[in-house]
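In the two complexes below, subunit A is the common chain; its partner is subunit B in one and subunit C in the other.
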Partner chain A sequence: MKRRARRVLPFAVVVALATAAPFVLSEFATSLLAEILIWSILAMGLDLLFGYTGMLSFGQALYFGVGAYGITLGVTRLGWAFLPSLLLAVIAAGVAAGIAGFFAVRLTWHYFAIITIIFSLVLYFVALSRADLTGGEDGMSFEVPPIVDFGGVELSVYEPLVEYYFVLIVTVISFLLLRLITRSQLGLVFRALRDNTNRASLLGYDTLRYRWVSFVIAGMFGGLSGALLAVKMRYASASYLFWTVSGDAVIWTVVGGAGTLVGPIVGTATLITLRDYLSTWFENHQLFTGLIAIVVVLTAPQGIVGLARRLTTRS
Partner chain B sequence: MAEILVLHALNGLVWGLITALIALGLSIIFGLLDIVNVAHGDLFMVGAVLAWYLVRYVDNFWLALVLAPLAVALLGIVLERLVLRSIDVARSLVVTFGLSLILQDAVRSTFGPTPQRMLPPFEHTIPVFDFNYSLYRLLAALIALAAIAGLFLYLHHTKFGTWMRAVRQDRDMATAMGIPTDQVFMVTFAVGAGLAALAGVVATPITTIEFRIGLVILPAAFIAVVVGGLGNLPGTAAAAVLLGEAEGIASAFFSPTTARIFSLIFMSAVLLLRPHGLFTRRTG
Partner chain C sequence: MSLILETRGLTKRFGGLTAVDRIDFGLAAGELRAIIGPNGAGKTTFFNVVSGFLPPTSGEVYFQGRRITAQAPHRINQIGIARTLQVKSVFNSLTVEENVWVAAQSREPIQRPFRQAMRSSGVRARVEHLLRLLGLDGHRNTTAGNLAYGDLCLLEIAMALGTEPKLLLLDEPTAGMSAAETAGTAEIIRALAKDVSIILVEHDMEFVLNLATTISVFHLGRLIAEGTPAEIVRNSLVQEAYLGAEHA
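Up next is the complex of A and B:
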């Protein structure tokens, strides 16, 4: 019971703080926080794939972009309501990951990393050449329908508080779902694949299938993240599909600490806050993102969370 | 129609050879150091930007052709010593991605975000059918070809080149035989970086340059490395030229974007069906 409390307490504190945040922070800071939460869903999905299953994908931008366009096109082309469009976005990303994953999981290490980049590039170029549908590099803006419009109650993302709490709830649910997966039997198999694929295979696990499952789950969370960002920006563009988005996700995950699920959130929060803070002073904040990524990877291979854990257990 | 095809084929050849320079560097670095260098395109970009500055302020293209690759090779030595020594594949992806961000931002803040053009060192043309084809482009192809030949001669006919091949084959054995592996790593990265920069200098008069051109050329170089077979240098060079030709000729019929999509799909197929490359014979 005590161990359980120790595990749940930090989580409760962080959620309570995040809930209170809009009343303490400025409207701008709250909006930035929402953006951090959205991106951290992408990073957490990648963490399941890389940190827990040992597959370094450099192509999560694909599912992020499919999610963004899924909700945008669901609303604009199909005229669907908010929640069905969001569902469409997540399912579309899952299907995309299912197809790409069918091929990609057959490769390992750098071959896997390279093929994920290639797949995301293919879709990026397709999006560029179908500018009539995607708006190309310029992108397309859209009017976001209310999240709920039922019995006289209308909740719309154009209300900053509604938007923030909606994003917070989705992020918390995503975190809990992923925590559930990593603690489950399935998560155990994922880790077995990461640590020793051959042994897992000899124990009778269908390694390809489990790698595929991990890939699809990560893709769906990538799609969810992309859809939320499109909602937040009221905009989607082909640049969401560019491989630098994937690179950002990898950096956030590794800097925060891969294989911890909390690490990606810490990494995303740290680097986006820093980027935002620095960009008010310097134009070239990318330089600092790059420097920090390099310094962390070289000095703390387990990331910020790994470093913190090492420091607290040693004392 | 035939004339246009010849024109596109020539352009494809020039770009294919330039891409080959980048791809060969990418490949030797991967083969020896186990580093997937995501910043390799940016080394190409830095070479191009340095050339632009040298031509602008010293007004000597030939000087740029020598100095810019040397400078970038030095930069490569510094980077290899400082951040890339003994690092695994996953972390090398992150570190070189970080380097890529740094190089791009450094160039954006000094060179500026606007694309620039540079005139070729001479504007002569030679008649090809009814067209006048830029003589410089042919020279660019020749320079690239000479550099590729130089690399192969270096690898096969010098002491250091032989060491490089030995380390690639069996690192531990090479160390045991007294080959200074650390120096070999350093030189490999310097040569790879220098080749990318040379490609950048040669490409500057035929393209527009800005801080993001590395991001555009990198996938093409990757395609060549994978299609040719990771670590198979002649295969990589051949693949770069073939793909340059294919994309060049395809762009006579389709948009460049569509041509790029086809080559990416082709590459995925090669990766999946023949992960050791089109030209690598698998033994055992």
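Up next is the complex of A and C:
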């Protein structure tokens, strides 16, 4: 019971702080926090793939972009309500990951990383050339319908508090879902694959199938993240599909601590806050992000969270 | 007598080198067979072809009368053949207990995404049995990557057994073990042989002579002799090829 309390307590404290945040922080800071939460879903999905299954993807922007366009087109072209469009975004990202993953999971390490980049670049250029559908480089703005509509009582993201809490709830659910998966029977197989694919196949596991499953789950969380960002920005553009989005997700995850699930959140929060802070003073603020990434990788292979755990268990 | 494993004309060529050369091999159910031979005799390549790691150049492999030639390693394991590797191979960042769990839960029809790991009571019973059987009970929470070499070899055997095989292929199970560990492992293998057919590849002649019921001798990719330990020791062909001139 005591051990359980020690595990639940930090989670409860963080959720309580995040719940209180809009009443303490400025509107601008709250908005930034919502953005951090949204991006951290992308990073957590990548962490399932990289940190837990051992597949380093540099192409998560593809699923992020599909999610963003999924909800945007669901609302604008199909005239669907908010939640069905959000579901469409997640499923579309899952289907995209299912197709790309069918080929990608057959490759390992740098070959895998390269093919994931190639797939995302292909879709990026397709999005640019189909400006009639995607708005191309300019992107497309859209009016976000209410999240729910209880016979006239609407919850709309145009209300800053509603938007923030909706994002917070989706992030918490995403975290809990991924935590459940990583600690499940399936999650144990994922971790086994990360360590030694050969041995897993000798134990009767169809390793390609499990790699594919992990790839699709990560893609769906990428899609969810992209859809939420489109909602927050009321806007989607081809730039969501650009490889820098994928690169950011990798750096946030690695700096925070791959294979910890809390790590991607910490990494995303740290680096986005830093970027926001530094970019007001330096034009080349990304230099610092790179520097931090290098220092962390060299000194703390398990990222900030890994380092913190090592320091606390030693004492 | 029915054969659990049979190969017919099994051949594996790497470029100009014929590592396994037209091998007709048969193993009766319940046997404890050793394959011996000098380095480069083709023993490990034979295992690699049988277990699906490498497709044969020609020839066929049958398991319980069923053709399994060139099937994927995971399929061959599901059918009932488990194997250990010469270079020990486990899940280094998982604990010993988790390693055995991964092996034992592989018999479940699906790996459930929302069921907490290491909770299935049926699997737990088998995991506990294996940990005790191989004396790994005290190391259950040790990270596998930190295990002593002898224990690592035992963990690999435990994992292979976790898949409930009918045939166990052991590739040099005692390589690098101390004399005491080797003796202990021999005892374990002898006990296992009551329930499962075993083929083991070994360098250590003494170990094999005291353990195996039958011995097959490989030399330059060919199967040159087969018989009881006593017959093999007397065989002049074997003495020439394997034991060296001082024994001839």
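Details
Convention: the second predicted complex is superposed on the first by the 315 of 315 C-alpha atoms of A that agree within 3 Å, B and C clash if a C-alpha of one lies under 4 Å from a C-alpha of the other, contacts with A are read in each partner's own complex, and residues count from 1 in each chain.
In this section, a residue touches a chain if its C-beta (ideal position, glycine included) is under 8 Å from a C-beta of that chain, and two chains touch if they have at least 3 such contacts.
Bear in mind the structure is a predicted one, so any value in this text is a computation, not a measurement.
Judged by the touch definition given at the top, the superposed model places A:188 against subunit C, while subunit B stays out of reach.
Looking at the shared chain after the overlay, A:287 reaches subunit B, while subunit C stays out of its contact range.
In the superposed model, A:71 lies in contact with neither subunit B nor subunit C. Look at A:119: by the touch rule set out above, it reaches subunit B but stays clear of subunit C. In the superposition on chain A, A:298 contacts subunit B only, with no contact to subunit C.
Contacts of A:41 after superposition: neither subunit B nor subunit C is touched.
Legend: residue contacts after superposition of the two complexes on their common chain; A:249 is shown touching neither subunit B nor subunit C. Put simply, more of the residues of subunit A are touched by B, taking subunit B and subunit C as the two choices. Counting contacts as defined above, no subunit A residue meets subunit B in one complex and subunit C in the other. The touching residues of subunit A, when paired with subunit B in their complex, are 50, 56, 58, 103, 106-107, 109-111, 113-115, 117-119, 121-122, 125-126, 128-129, 244, 247, 250-251, 254, 283-287, 289-294, 297-298, 301. On the side of subunit C, the complex with subunit A involves touching residues 51, 72-74, 77-78, 82-83, 85, 89-94, 98, 101-103, 105-108, 111-120, 159-160, 162-163. By the touch rule above, subunit B contacts subunit A in their complex via residues 30, 36, 38, 83, 87, 89-91, 93-95, 97-102, 104-106, 108-109, 215, 219, 222-223, 226, 230, 255, 257-258, 260-261, 264-265, 267-268, 271-272, 275. Against subunit C, in their complex, subunit A makes its touches with residues 180-181, 183-189, 191-192, 194-196, 198-207, 210.
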